[in-house]
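Have a look at the structure below before the remarks.
Note that the chains take the letters A, B, C, D, E and F in the order they are written out, and that residue 1 is the start of every chain.
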Amino acid sequence: MDQMSPILPALTDEELDPRAAAVFADIRQTRRTDFVNNFWRVLANDPANLERTWAELKEVMAADTSLDPLVKELIYVAVSTVNNCTYCVRSHTAAARAKGATDEQLAELHAVVAAANKTNRLAIGLQVPVDEAFL
Amino acid sequence: MDQMSPILPALTDEELDPRAAAVFADIRQTRRTDFVNNFWRVLANDPANLERTWAELKEVMAADTSLDPLVKELIYVAVSTVNNCTYCVRSHTAAARAKGATDEQLAELHAVVAAANKTNRLAIGLQVPVDEAFL
Amino acid sequence: MDQMSPILPALTDEELDPRAAAVFADIRQTRRTDFVNNFWRVLANDPANLERTWAELKEVMAADTSLDPLVKELIYVAVSTVNNCTYCVRSHTAAARAKGATDEQLAELHAVVAAANKTNRLAIGLQVPVDEAFL
Amino acid sequence: MDQMSPILPALTDEELDPRAAAVFADIRQTRRTDFVNNFWRVLANDPANLERTWAELKEVMAADTSLDPLVKELIYVAVSTVNNCTYCVRSHTAAARAKGATDEQLAELHAVVAAANKTNRLAIGLQVPVDEAFL
Amino acid sequence: MDQMSPILPALTDEELDPRAAAVFADIRQTRRTDFVNNFWRVLANDPANLERTWAELKEVMAADTSLDPLVKELIYVAVSTVNNCTYCVRSHTAAARAKGATDEQLAELHAVVAAANKTNRLAIGLQVPVDEAFL
Amino acid sequence: MDQMSPILPALTDEELDPRAAAVFADIRQTRRTDFVNNFWRVLANDPANLERTWAELKEVMAADTSLDPLVKELIYVAVSTVNNCTYCVRSHTAAARAKGATDEQLAELHAVVAAANKTNRLAIGLQVPVDEAFL
């Protein structure tokens, strides 16, 4: 795959400023891997945004909450599909698989997303009024 | 709430043609309630689409599959939020609650949707290339 | 229907500047009606945009082109549905009906829009590669 | 074109389960061609979804309905453009051409889609209230 | 305006937990007003998300950065328009006006948003390849 | 970068009809460069649309208006990001840089876009009612 370069460069570890380097260290420790993907390397050009975004994802996607981590990854894939973000569909599908998602579950996820997109447009296009029961 | 009328009328039970009436009977039996919401009543103007769409939702949202029914409702709410379908956000949030979703889970769902929308736009706007590891 | 007021006011005929008044006169003559809808009355706050937008619609939606005027209205409704523009769904559905669209055609239009939205998301979510035959 | 691989594999004819094989046979007979494009080959990993989606498209895009088959393909291209689905824009543009769409008609289609997207955003951004006449 | 109630209640000051109350105090001090709008009152049901989101907005929309605060509000309105968020279009248009935006600037903003939406769809629908000069 | 070909060909200068050639001459004079990018070369297949679109961009993006030209380019990039138009993100980021945008400003732009997308979805998903103060 020969891809286009990003708007701001994907920084190597050597090019990080100290704030970005600290975030990368936390990414590596939290995920227990040395691999840091391009999303963070490009975002590292803006250390304040890198800090905020990593802190948010770490907290939102954490394991000890009311929704299961795999469920949250599937929701992430669903949103990324509707927003048509290739990078995000691929990275979060990989994350979902790493958390145990099977091919059957991924296929079912996309069947739900497809049905929802279909009925969303019917409700909007036909201008269906909200039932009293849903207010 | 004073809402606008739909593009095609929300049919009463008396106005249904036989194919639509048969679908309504199945909706009532499957959901174990006499209530049939406006989405189906408007779609009943096109009995073929009503049949197809109900059959699809019945199959896709069924209980005996690889994803939990509540998880599927949460995914439905997530997609409806990104598509900005008020009718669908409200009807599927009601369905999620009926399947046991707590306020805490709904709040967490929207935190995940919000984070995903944020990182989707960063990946797109900064044109982050897909890592080899995700191909 | 009690609706919110627009961001810029819907101008009355008396409030129009000469450039906007000239556009309104052309709208009335072209459409053979005295009625000028709110879209143009709000846009009249920016006469240059009003001129450009009316000239574009008049040319694009004209009767003597390779696509039938009713077909173009149906395409307009389809796009407005995907963009979730209530104003546009309602105004262009009214325009389609004025050009002869039947309830059956409108129902079929939305069945096509629904199917397209469904398969769009499947193609994106499953990342289907484009066939050589389509290149 | 060197493209990324899909999330689930594009199945060859030899890899299909019997339900998927039956759908492929119907696709070939209905379209009168041996060619089955990648969309169906990837969807074949979920035979139930493949069956539902093919049955829907076959019925919705059929020739003997109130909208012309070419008109329906153009609507499909319009929706796919707004949803930014490259696969769908290309496959349904090819289908539209196979049904007789000229370059002039395709250019005009995109002029309508462009104008609709423009006025959709103006109506939303300026928060234009729906006229009584459109209710 | 008679509006629907939110999914989670808009909390009064008396209903806030201590973390939410601390955020509200900071909102009031930062904005130099006692008014706290519904967005924060609904988000207050999830104090962690309230904290994160307020901290992010406070930092991103701050006055002492490379982009002018009014420019950032205009960008916010543009994004909210494309996402079709009525709440956000109205609240950030109000914020832009509070920061000095004139009716002329708001009209011009929407002319740019409209033109961008139009050319975005042309580039996508016609599948224009990226020029070497832009890589 | 090996890209797919467009739906209609990118015309060379030799292939232009006289109306398209006149537009290209004006593009070159206005921008003070011989380079005409692919967007215009593909649009040149529809001279009327080429004329309208160039005239609109020339007027909307002009230097002598109430919004700064760089601000307008940043708004263009923001809209293109939300619409996920790769061509437009790249061409208008290049235009923004040509008008003086720094990497810091581009990073800040995307931080605002990201925050807006996040809060847009929270307002929609939680169905926050518009405050009286914003009406």
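Please note the rule applied: contacts are C-beta pairs under 8 Å (C-beta built on N, C-alpha and C of every residue); 3 or more make two chains touch, one makes a residue touch a chain.
Note that the structure is a prediction, hence the values are computed from the model and not measured.
Novice: What shortest step count links subunit C and subunit D in the network of chain contacts?
Specialist: 1
Novice: Give the chains in contact with both subunit C and subunit E, ordered by label.
Specialist: A, B, D, F
Novice: If we define chain centres by averaging CA atoms, which chain lands farthest from subunit D? Would you check?
Specialist: E
Novice: What pair in C-E, C-D or B-E shares over half of its contact pairs, by residue number, with A-B?
Specialist: Of the listed options, the interface copy of A-B is C-D.
Novice: If we define chain centres by averaging CA atoms, which chain lands farthest from subunit A? Would you check?
Specialist: Computed centres place C farthest from subunit A.
Novice: In whole angstrom, what separates the CA-based centres of subunit D and subunit F?
Specialist: 27
Novice: Go ahead and note the Å separation of the Cα centroids belonging to subunit E and subunit F.
Specialist: That gives a centre separation of 22 Å.
Novice: Averaging only over C-alpha atoms, locate the centres of subunit A and subunit C and give their separation in whole Å.
Specialist: 34
Novice: For subunit C, what residues touch not just one other chain but two or more?
Specialist: Expected reply: 1-5, 7-8, 48-49, 53, 56, 78, 82-86, 89-90, 93, 108-111, 113-115, 117-122, 124-127, 130, 135.
Novice: If every chain is a node and each touching pair gets an edge, what shape is that graph: line, ring, star, complete or other?
Specialist: Shape of the chain contacts: complete, all pairs touching.
Novice: Subunit D touches which residues of subunit F in the complex?
Specialist: Touching subunit D from subunit F are residues 2-4, 7-8, 45-46, 48-49, 53, 83-85.
Novice: Show me the residue ranges of subunit B that touch subunit A in the complex, using the header's touch definition.
Specialist: On the subunit B side, the touching residues are 1, 3-8, 10, 35, 37-39, 42-43, 49, 53, 56-57, 60-61, 65-67, 71-72, 74-76, 78-80, 82-83, 85-88, 90-94, 102, 104-105, 108-109, 111-113, 115-135.
Novice: In the complex of these two chains, what residues of subunit E are touching subunit C?
Specialist: 1-2, 84, 86, 89-90, 93, 103, 106-108, 110-111, 114
Novice: Inside the complex, what are the residues of subunit F that reach subunit C?
Specialist: It comes out as residues 4-5, 48, 52, 55-56, 59, 130, 135.
Novice: Which of the residues in subunit E end up touching subunit D in this complex?
Specialist: Within the complex, subunit E touches subunit D at residues 77-78, 81-82, 84, 86, 89-90, 109-110, 113-115, 117-122, 124-127.
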